[in-house]
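Presented sequentially are two complexes of chain A, the first with chain B as partner and the second with chain C.
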Partner chain A sequence: MIELVNVRKVFNAGRPAEFTALSGVNLSIESNKVTVLIGPSGSGKTTLLSIIGCMSRPTAGRVQLAGREITSLPERFLTDIRRKTFGFIFQQHNLIKGITALENVMLPAYPLGERHVPLKQRAMKLMEDLHLSDKAESKVEWLSGGEAQRVGIVRALINNPSTIIADEPTAHLDTQLSHRFLGIVKRFKEERKTVLITTHDPLVYDDPVIDRIIRLRDGRLEVERR
Partner chain B sequence: MILHPTVIANLLASLTVSGMILYSAYYGLQIVRHWDLSSGSELQLTLERRTYLISTILSYVFGLELLSLFLYVFTADSLCPLFVGAMCAAGTLNVNGFGYPALLLKMFDFFLAGLWLILNHADNQAWDYPLIRKKYLLLVVIAPFIVGEMVLQCAYFLKMKANVITSCCGSLFSSERVEGLGSEIAALSPQTMLWMFYVSVAVTIVAGIHFYLRQRGGYLFSALAIITFFVSIVAIISVISLYIYELPTHHCPFCVLQKEYHYVGYLLYLALFGALVSGGGVSALIPFRTIESLRTVIPALVRKLALASVVLYSLFTATVTYRIAVSHLIM
Partner chain C sequence: MREWIEKQKYIIDFTLSSLLRRKAKNIGLLALYTLIVFILASVMFFTHAIKKEASLILDQSPEMIVQKLVAGRQDLVPLRFVETVRGIRGVQAVRGRLWGYYFDPRFGANYTLLVPPPTAQTGAAGNGSRRVMVEGEPDRNAEGSAGPLFDLGADEIGVGSVVIGSGVARVREAGTGELMLFRAYDGEILPFRIKKILPSSSQLVSSDLILIDEADFKRLFGIADGLVTDLAVTVRNPTELSTIASKITRRLPDARPIIRDEILRTYDSIFNWRGGMMIVILSSAVLAFVIFAWDKASGLSAGERREIGILKAIGWESSDIILMKFWDGAVVSLTAFLSGVILAYGHVFFTDSVVFEPALKGWSTLYPRFKLIPFVSAEQVTTLFFLTVVPYSVATIVPAWRAATIDPDSAMRYTGE
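Let's look at the complex of A and B:
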């Protein structure tokens, strides 16, 4: 369970360009469910996602992860939580060019100090699950959009996180690839992972795999649909 | 005089440290007054972010404070050719009434800065800032001493007059003079002081090893480490210096910092002050070992500190023993 209590996020506080991205957000996100955040651009979806994923801190308010308050944690503890609890899937994939797909997948596991051989075996197994075995040794700049996104998904899974966070995952995918992505989300759900997605795409939020839809506008929660 | 590079370095270091400490103490006071980890208020989250900046600044600033003690003594030593009568730092520090008070305050601040760094290190190991109020309260206590040190140091360097005829170390630390703390220490019996020194170091090292192995007697070890520091300083003046200089009447604690004696003084004082801070740090941390988030951190940290203190006292004693063994002085 992820719980947000009165979360507020202000950028450029006290300056002429001050912008309130989130104001007074109270929200509980259930474990093992697929939750979607929807709303227009600038409504605060990505900001909310980055706060939940410990990538940024709120201006006020608290976030609790499995009963433990995490917003006050010193940075090195947050890094540990980010590494072990969350897997991130980005809109732009954020793969590192110049190295292979397999190396990109293994990269987030390196700081944990796992031995190379079992790590590589695990990475290959995950790539195989998403039909990427033959692309393991390919440089990422040679991959198609769909392949690059699947590499991004495998990378998010390498540390076996309990929560998957995906920011606009289908923004650059055609319908067929979007359906394939939703198939992967279904598998996450079967594996009892918590999935949190931001999207504008009706294909995603109208899919039956989604358990809950949360609408944001101007940094505030609007009506919720289930 | 103030255009001498080392004087400029001292003044800059002192002004930087004081300025940063005052800035940090201001926010430290806010943390002491308003810190409430259970609150999600904007002020609390601002303080949480601010504490990373403050503790990072202070780590470097207190590191500079530790180094500046040696810089100060080095400066006093290097300025001695400019004053009639001065043969080493002892004479230079005596050119006006601010030199020795500034040195004593710097030594005291060295100890406090070391303790703060130890507390800060322990606090940073825990996830819930368990020592945050204590360390910032200590900072608020330290700040006036640091500012006082800056004032004394500025007064010392700015009021130096080249026409002053100062006393040399032979006069300030003479066993034949009857007045002055330096002379009183120099007049102590060398044999008795040598025995006291070795017994004191031996007892401290044994207590330190016992604490390291059994995690018992931490306060006793800490007290012994502090006492041994003072005994060692007295022993340097009273007896150790005689063997290093190979002169039965030369008791100066500063000439050992000079090239003629291979700068051995820096090694001795570094070891001694390091042993003092790490030994003292043990008793500063022990009261917090029952805090839940520090339950595993503190025992490991105090063991390391005790070990560091034991190693440094051993290094100090080994160096002293070597210099005594190779000395041509026969007492």
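Let's look at the complex of A and C:
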């Protein structure tokens, strides 16, 4: 369970360009469910996602992860939580160019100092699950959009996180690839992972795999649909 | 511990692949960096080795030389000076020396002519006022031992013959048994038969040297009997050198005593000055490199910042990013440092400093072709290390630290709302 209590996020505080991205958000996200955040651009979806994923801190308010208050933790502990608890799937895939798909997949595990052989075996197994075995040694810039996204998904899974966070995952995918992505989300759900997705795409939020839809506008929660 | 080692391996591996990803930029930087280290190390090795060489040779030279001055210029020394100097308390031996320079207009070369003593033993004893001692470089296999350069007395040379250095033989393409013609002070042409060529192992001293009989020397330069070029003085207690020097000037007001340490100091400043001059000339190149390296090292491109954002978003800590940048700087600067130092070593000690030779040696017309003793001190290498590797490594870490403290959500902001 992830719980947000009166979370505010203000960018450029005290400057002329001050901007409030989130204003007093209270929210509980259940474990083992697929939750979708929807709303127009600038509504605060990505900000909320980054606060939940321990990538940034709220200006005010508290975030609790499995009952533990994490807002005030030092950066090192936040990184540790981020690394072990969350797997991130980005809109632009955010793969590191110039290295292979396999190396990209293994990158999040490097700071943990795991032995190379088991790490590589696990990465290959995950790639195989998403039909990427033959692309393991390909440089990421040679991959198609769908392949690059699947590499991004495998990378998110390498440390076996309990929560998957996906930011606009279908923004650059066609309908067929979007359906394939939703198939992967279904597998996550079967594996009892918590999934949190931001999207504009009706194909995603209308899919039966989604358990809960949260609507954001101007940094506040709107009507909630289930 | 195992995890820590694995982590270092992964980070070094990723750093190397990052360097290779920006191949053109990093190879350019590495080449320029190596060139700068090469230049600095060459100048440093050369000046240090030549100073060392000069001091080794001068260590074997007389503790004091006495010259005679006329109107502020060096003049020939009358033999009466020998007795006067020998009479000073503390003086062990006084020897008159005959030597001079001869310019050969045909080959544009300057030779050093020297009259050796009848035998090295006799000369060293210092019991003959007209004996001349030839001092040589020390035996490098037995450091500290003061052996004469060549065991060749004037008796062995004989009237009408000369013994020449290898540089002279090279310039004149002359061999043993051939005749060498000299133009005497009065215009008369004097032929001398080459009796022997000196071994090339002692080139710094002997390259431009010609050993000649005393009578021939005097005939060639028109020097009257009873005169020598200067006096070599040995004292019993070296700490009394300056006292003895002042006594000499009191008794012989027109004499100029020169203490060996003063010559050593002069050599030091000459080669320091030459080395410094080279550095000043090359300082614009060094400065250009510093600006380039600083720009490269201290400024992270948008791509690099985004990459750092991604790494942080997927679970890398700030310390991992700083470690990565540290290895990045260390790999570049250590590679450049080692390559530059090795290239400079080869350049100075194996190719006779072919690039900087004219500026650094600045010899007489006939350049002695000699090999320097490879002499590199830990102090030199450490200085060079701190002047090159440390600033670069620091310059890479500071901006990486700043970038590493960016919120990892910048990776999401790249596209997001």
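Following the convention adopted for this analysis, the second predicted complex is superposed on the first by the 226 of 226 C-alpha atoms of A that agree within 3 Å, B and C clash if a C-alpha of one lies under 4 Å from a C-alpha of the other, contacts with A are read in each partner's own complex, and residues count from 1 in each chain.
Definition applied: contacts are C-beta pairs under 8 Å (C-beta built on N, C-alpha and C of every residue); 3 or more make two chains touch, one makes a residue touch a chain.
Keep in mind that this is a model prediction, so the values were computed, not measured.
Colleague: For A:E75, using the defined touch cut-off, is the partner it touches chain B, chain C, both, or neither? Pick first, second, both or neither.
Modeller: In the superposed model, A:E75 contacts both chain B and chain C.
Colleague: Determine, under the contact definition given at the top, whether A:V5 touches first (chain B), second (chain C), both, or neither.
Modeller: First partner only, chain B.
Colleague: Give one of first, second, both or neither to describe whether A:S43 is in contact with chain B, with chain C, with both, or with none.
Modeller: After superposition on chain A, A:S43 lies in contact with chain C alone.
Colleague: Applying the touch criterion given at the start, work out whether A:Y110 contacts chain B, chain C, both or neither, answering first, second, both or neither.
Modeller: So A:Y110 only meets chain C here.
Colleague: Which partner does A:P58 contact after superposing on A: first (chain B), second (chain C), both, neither?
Modeller: first
Colleague: Please tell me which partner, chain B or chain C, touches more residues of chain A.
Modeller: C
Colleague: Check whether A:G14 is in contact with chain B, with chain C, with both or with neither, and answer first, second, both or neither.
Modeller: It touches nothing on chain B or chain C.
Colleague: Touching chain B in one complex and chain C in the other: list those residues of chain A.
Modeller: Correct list for chain A: 75.
Colleague: Under the stated contact criterion, what part of chain A meets chain B in this complex?
Modeller: Residues in contact with chain B: 5-6, 8, 57-62, 71-75, 77.
Colleague: Which part of chain B faces chain A closely enough to touch in the complex?
Modeller: Result: residues 37, 40-42, 44-45, 48-49, 52, 124, 127-129 of chain B touch chain A.
Colleague: What part of chain C is in contact with chain A in the complex they form?
Modeller: Residue positions touching the partner: 2-7, 9-11, 14, 17-18, 20-21, 307, 310-320, 407-409, 411-417.
Colleague: For the complex, which residues does chain A have touching chain C?
Modeller: Residues of chain A touching chain C: 41-43, 45-47, 49-50, 55-56, 75-76, 79, 82-83, 88, 90-92, 94, 96-99, 103, 107-108, 110-116, 155, 159, 167-168, 171.
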